[in-house]
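This is the structure I have questions about; it appears just below.
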Amino acid sequence: MKNFTSVKDVQNINALVEKALSLKANPFQTKLAEGKRIGLIFFNPSLRTRLSSQVAAQNLGAQAVVLDIGKDGWALEFEDGVVMNGDKAEHIKEAAAVMGRYFDVLGVRTFPELKSKEADYSEKLLNAFIKYAGVPIVSLESGTRHPLQSLADLVTINEQWTATRKPKVVLTWAPHVKALPQAVPNSFAEWMGKADVDFSIANPEGYDLAEEFRQGVPVFHDQAEALKDADFVYVKNWSSYDDYGQILSQDESWTFGSKQLELTENAKVMHCLPVRRGLVIKDEILDGPNAIHLEQAENRVYAAQAVFYELLM
Amino acid sequence: MKNFTSVKDVQNINALVEKALSLKANPFQTKLAEGKRIGLIFFNPSLRTRLSSQVAAQNLGAQAVVLDIGKDGWALEFEDGVVMNGDKAEHIKEAAAVMGRYFDVLGVRTFPELKSKEADYSEKLLNAFIKYAGVPIVSLESGTRHPLQSLADLVTINEQWTATRKPKVVLTWAPHVKALPQAVPNSFAEWMGKADVDFSIANPEGYDLAEEFRQGVPVFHDQAEALKDADFVYVKNWSSYDDYGQILSQDESWTFGSKQLELTENAKVMHCLPVRRGLVIKDEILDGPNAIHLEQAENRVYAAQAVFYELLM
Amino acid sequence: MKNFTSVKDVQNINALVEKALSLKANPFQTKLAEGKRIGLIFFNPSLRTRLSSQVAAQNLGAQAVVLDIGKDGWALEFEDGVVMNGDKAEHIKEAAAVMGRYFDVLGVRTFPELKSKEADYSEKLLNAFIKYAGVPIVSLESGTRHPLQSLADLVTINEQWTATRKPKVVLTWAPHVKALPQAVPNSFAEWMGKADVDFSIANPEGYDLAEEFRQGVPVFHDQAEALKDADFVYVKNWSSYDDYGQILSQDESWTFGSKQLELTENAKVMHCLPVRRGLVIKDEILDGPNAIHLEQAENRVYAAQAVFYELLM
């Protein structure tokens, strides 16, 4: 594995899941990363990703150094051949290369602006780090994907599923008051496409994910139909991809509650957090026995630890 | 000890003071906390508490991770059963539970707003962490108490006092230009009430602390009368509890200087810092041999280290 | 070495350079600093200095704790004998002394305001830390000097230079759109004055550095004349010292490109970063084989590590 920015970077996802579960069982089994340095660069705020990555790095014995860069704190130039006489203080060529000199692995967090599909989906910042840093890059969430979350999600599904048949996994849209990125659902869909599960997606019309992420996946615009016999339901809001970054619906009939749960095979209910109670998922679910959102959050540590392990060893 | 948010959480305060002094004599005597993780969550800025807690955790070999949360950075919902369609992005139930999954001990820093006595004294945030985190909670100062400061204060008194008789300890109010919390004086009073000292309080009328903190303690509204024969004087401003959060007096005759010191038994003079020179305590005292404010600051490390030790071992 | 704020603090600069190169060859050769604590206090933002100092401290096995203090975050009083009833919350006497109680070495970063020559060149903040902290102080860049940068620069020159004759080193001004401090050029000039090199400076009229930094150094106002036969060219903008903090020229004929390089002895080209491409140095140089700016950045780690080593051992 050279970088970790998408499921495509992973040669063997089952082995990576097993590694994460093994690290969860024994987090300090290896201190082989002593003397290794992991830089965690946040261009956008983060809570779970930040804490779980730091803990993961420290569990391995690696040095983790966090750098918070405010939106206006480090104005980077990305164009080649320009005279930098405006407000950009440093070119990405130097910024990424210097970080690469200080660290053995670099984690980078960036968000989409949800204004231009082309800008967000070009992943300019992440790709520039890959091009210029000279060391492995880990996405700590980018404009289009959140692979550490997806790996933790898959780890959680494996951990919870004990039957021999394939589990049925459904990703369902839910309403929200703010326009949210597609990174988590894109990434979850991409990972489920490679995992040993039956996967489908439910969302209102206008909310279909970009084709590259849902190819071959059944997409339902009727939530009830999709939820039938589900073993795992991943509830998540996202803004429209087609009508880019827009909120087309706030239909609370999609809010996940007991009514939805009853349609499933007593499914485990997942969310990446933060979750707005009552709006995305009802209290009756989050406070009940089917919710596994805290297990997902906990598994973020071991997902990150497995990825750092693979990149550093 | 299950949590450390007040002196009431401590079974044996003498043993805790001895532990702190023992750790000061030999800070690295135990690395038993290796592999343990301490999360330090600051909802309000901090200098001494932040640094001393980090050093304390690292002295024990524990992993310390600091999370700074700006006032508007993480809008938490505290009400049950609401539909979260406003500006609150996460419910305390998830926020605290996730932190609890990442750390073995959580330190939490929060300040009072000094607008509503009921709101501040309900300690909503601290109590929610206790309720939902599932791991021991350490107050890094809350709306009503600052127990790590008080423990460091008691450690300092023990360290300085070599006579066999009980020392006389006086907490005296002093003027200030800003409305300050009652957390430090409340907490100091509460700890002195359990310590082997003669304790009294001096403050202008209208500045009596809440009854729960001063019960059984002589309160003087005449500073000179209170200071007579004092061995230790703790000087500190606070805003009114009765006329909640208000500044009722800026009477500089209460500023602690040589005139006040002469009334005492050559008392040691204490302050939790930051101290406004000339206004709260005069330079003649702070630059003289009676001041022990820097010793108090230094002992913050060993107070925190003793508390983390007790909670982790 | 008692402090590290200028080349004058260093008894033997060759030994310090050798130590840095030895640490670069084997960063973990010594963990003698285990149990030692380094505080890194940033009154101004920092990227390279912050990361390289943290990595350096951790390489030595020391505990590094970073404290970011926003410009308005910690209003310090510097005057003696005042009544602090304004907006200053803490006196430098306590602030520095407390930091000194928590750490074995303190790094301090501060910037000039470029409004008053007297204020900036008095180094009030840095000198107060030296006076009151009671532990060794390391400048992480101050109003007038950036000695960790200069040490890294000298390490880089030593690393690159293999001939037996003395190298010719030229510091040349280049244009910029913002008024920048003189700290880097001052400091570089001061270090080159003690190093085994032939050193000269090129800058437009009005840009001569303060005399204390350039005494005995040939200063050219004609860039071409200065660059002749140079083996190393350090390109850097600074604002005027005489017309304090002003931008007197933005003459792009001073921008360093191939035309300038041709005048030299195939010189290595240096910059402390961040560098504005096209304005300070042209892409043709930064992307070519003569640029060693990334080596300088990398050597920041080992410069800091050598300094911490000397102060802690």
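When the chains are written out, they are named A, B and C in that same order, and each has its own residue count from 1.
Following the convention adopted for this analysis, a residue touches a chain if its C-beta (ideal position, glycine included) is under 8 Å from a C-beta of that chain, and two chains touch if they have at least 3 such contacts.
Composition by chain, UniProt nomenclature: A, B, C = N-succinylornithine carbamoyltransferase.
Because the structure is predicted, anything quoted here is derived from the model rather than measured.
> So chain A and chain C: same face meeting same face, with over half the numbers shared, or different?
Because under half of the interface numbers appear in both copies, chain C and chain A meet with different residues.
> Using CA atoms for the superposition, what rotation angle relates chain A to chain B, in steps of 5 degrees?
In degrees, rounded to 5: 120.
> Which integer distance in Å separates the CA centroid of chain A from that of chain C?
40
> Multi-chain contacts in chain A: which residues touch at least two other chains?
none
> Note which residues of chain B are touching chain A in the complex, please.
Residues of chain B touching chain A: 35, 37, 39, 63, 65, 67, 73-74, 77, 80-86, 88-91, 93-95, 97-99, 101-103.
> Can you tell me which positions in chain B touch chain C when the two form their complex?
Per the touch definition, chain B meets chain C at residues 27-28, 45, 47-48, 50-52, 54-55, 58-59, 177, 273-279, 283, 286-287, 293-294, 297-298, 301.
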